[in-house]
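What follows is a pair of complexes built around subunit A, which joins subunit B in one and subunit C in the other.
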Partner chain A sequence: MACCLEPAKIEEKIKNNTQSKVKILPEPVSVIKHPLQYSWSLWIYVNDKSKTWEENLIELTTFDTVEDFWCLYHHIKLPTELRQGNDYAVFKKGVRPMWEDDANKMGGRWLINIDRKQRSANLNKYWLDIILLMIGENFENSEAICGAVVNIRGKFDKIGVWTGHTYTKPVVEIGKTLKEVLGIQTKFGFEVHRDTMSKQGSTSKFLYIV
Partner chain B sequence: MSASPIARQATNSQAIPTRRVHITDPSQMPDVYSSTPGGTIYSTTPGGTRIVYERSFLMSLSQSPNSRTPPKCPLPAAMLKDPAGPVPHLNTTNKPRSNSISFDESQETFSMDL
Partner chain C sequence: DDQWSPSNTSGKKCYNLRLLMQIKDDPLSKDKPNAAALLETWNVLRPSPI
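Our next item is the complex of A and B:
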């Protein structure tokens, strides 16, 4: 019993205890993960012709820390490694990457087309930069963001940044931030989902262009 | 911002003071998690405090031990990189890009496939 020990032994015991505690405690930096403002879901669209569009859209996992995002990013294929016809989507948890979702139906998307010839140079880079902008809350109007989709297609790959509404000020800010951060020299436009849905092969009209 | 109309009115006339502290290495982070780089700031913004990470800081975390563990969730094999392959080294610099975006009015033929 501790009360029977000599003071010197008690001190030694305390010292040993302290030392062993120090040893077993891991470095704080290696345990603590950095929380994100929102939880985000990673979706993949696989182009299985025997299934419906919705069946092909699969929510794979959700992440809510910086480290969990990187775990995922390091282990899954890059957009350029996906097969033609496939998509990745990263959306706020609870929002499905489809026009019909309540969070999306009044919104639209900034649409960046990437020529096949530029795929190797820019597609992966743009995709990563957009995800980092979103999860790091780097858009001033980040609450307007629903998510982003990358489509791997034959002629053009596409990246869409989806918003929940079409109000000029926040939506244009998001477009300008994208243009500046990605270093895009050419113009690109913002489509309203309702217009895209009702489009009958006519010329696409952009609500905003940056 | 998601500030309520009342919060907006209250703050209309003054800008929120901000200060940027540039972090180049994880060792410059405070050792206490409740502190912020450059000193602890107790503040909030209209509509609530946001957790903001700049690109350079996110990139600095990309090779930390926690960031290199395999994901906890099972993922379809078709989505995974070749396990024998190395984890690619991420380019942390922002290189100037060539003029690479194509703006093509005819692109709407692709729009129906999401």
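Our next item is the complex of A and C:
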């Protein structure tokens, strides 16, 4: 009985108990996150009429591991939950989601229009799949990718996948991969930023179509 | 192959969609982001996580 043990033996018993507790602790959990090839920034465009276009574009945060991307994904609104007039953009860190940025000015974008009627079915899924394709380096020519933008608008939502140049082979591969992975049945086109900047009408000519 | 993993940290940092979706449900993928305050300021923080 414990009450009959000498103090030294009681101490030994406590020590043994403590040791046995230490032994049953679980193995340390691995906290190594999966690093991404690039760091990426999440931007939001808010449509405040009292501010300039650039002032409305805010870099919210950056991530450089798969797990940190998912932490963000789990805690932010889906594209369908944003206000009309808002954009999300995910770009390689250091590249601003605007034509004027040095990384973008010689490039263009694959432009996917999403009819309002398809919004609930496709918009969030396309946006997530495009981000996963980018951050996981799933394009053969992923070095050509600058980022992607989703525009929440009245009639048509738009998703643009931006490239830093317009060379046929890599850009068309990116378009074909998008079409295949997203499962898009209709055709969509690639616009050159310089053409879009200087366009007079409401439509600009596509350089490539897939 | 030469894909990055905890036991091959010099491998290529390429992850297909299936692997990325598996990591989605890892406890490390559920934490509140560091930028939560800024996300809230710009009204993009969800009231509750997905």
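In this section, the second predicted complex is superposed on the first by the 178 of 210 C-alpha atoms of A that agree within 3 Å, B and C clash if a C-alpha of one lies under 4 Å from a C-alpha of the other, contacts with A are read in each partner's own complex, and residues count from 1 in each chain.
Throughout what follows, contacts are C-beta pairs under 8 Å (C-beta built on N, C-alpha and C of every residue); 3 or more make two chains touch, one makes a residue touch a chain.
Only a predicted model underlies this, so the values are computations on that prediction, with no experimental measurement involved.
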Which of subunit B and subunit C A:L36 touches, first, second, both or neither: both
Winner by number of subunit A residues touched, once subunit B and subunit C are compared: B
Touched partner set for A:K49, first subunit B, second subunit C, both or neither: neither
Subunit B versus subunit C as contact partner of A:H75, first or second or both or neither: both
Touched partner set for A:P97, first subunit B, second subunit C, both or neither: first
Contact residues common to both interfaces of subunit A (with subunit B and with subunit C): 30-37, 44, 46, 60-61, 66-68, 70-78, 81, 129, 132-133, 135-138, 181
Interface residues, subunit A side, partner subunit B - complex: 28-37, 44-46, 53, 60-61, 66-68, 70-78, 81, 85, 87, 97-98, 111-115, 118, 121-122, 125, 128-129, 132-133, 135-138, 140-143, 149, 151, 153, 155-156, 158, 181-189, 191, 196, 199, 201-204
Subunit A partner contacts - residues on subunit C that touch it in the complex: 4, 6, 9, 12-17, 19-21, 23-24, 26, 28-36, 38-39, 42, 44-46, 49-50
Subunit B to subunit A touching residues, read off their complex: 1-2, 26, 29, 31, 33, 50-55, 57-59, 61-62, 64-73, 75-76, 78-81, 87-88, 90-91, 94, 96-105, 107-111, 113-114
Residues on subunit A engaged by subunit C in the complex (per definition of touch): 30-37, 44, 46, 58, 60-61, 66-68, 70-78, 81-82, 129, 132-133, 135-138, 181
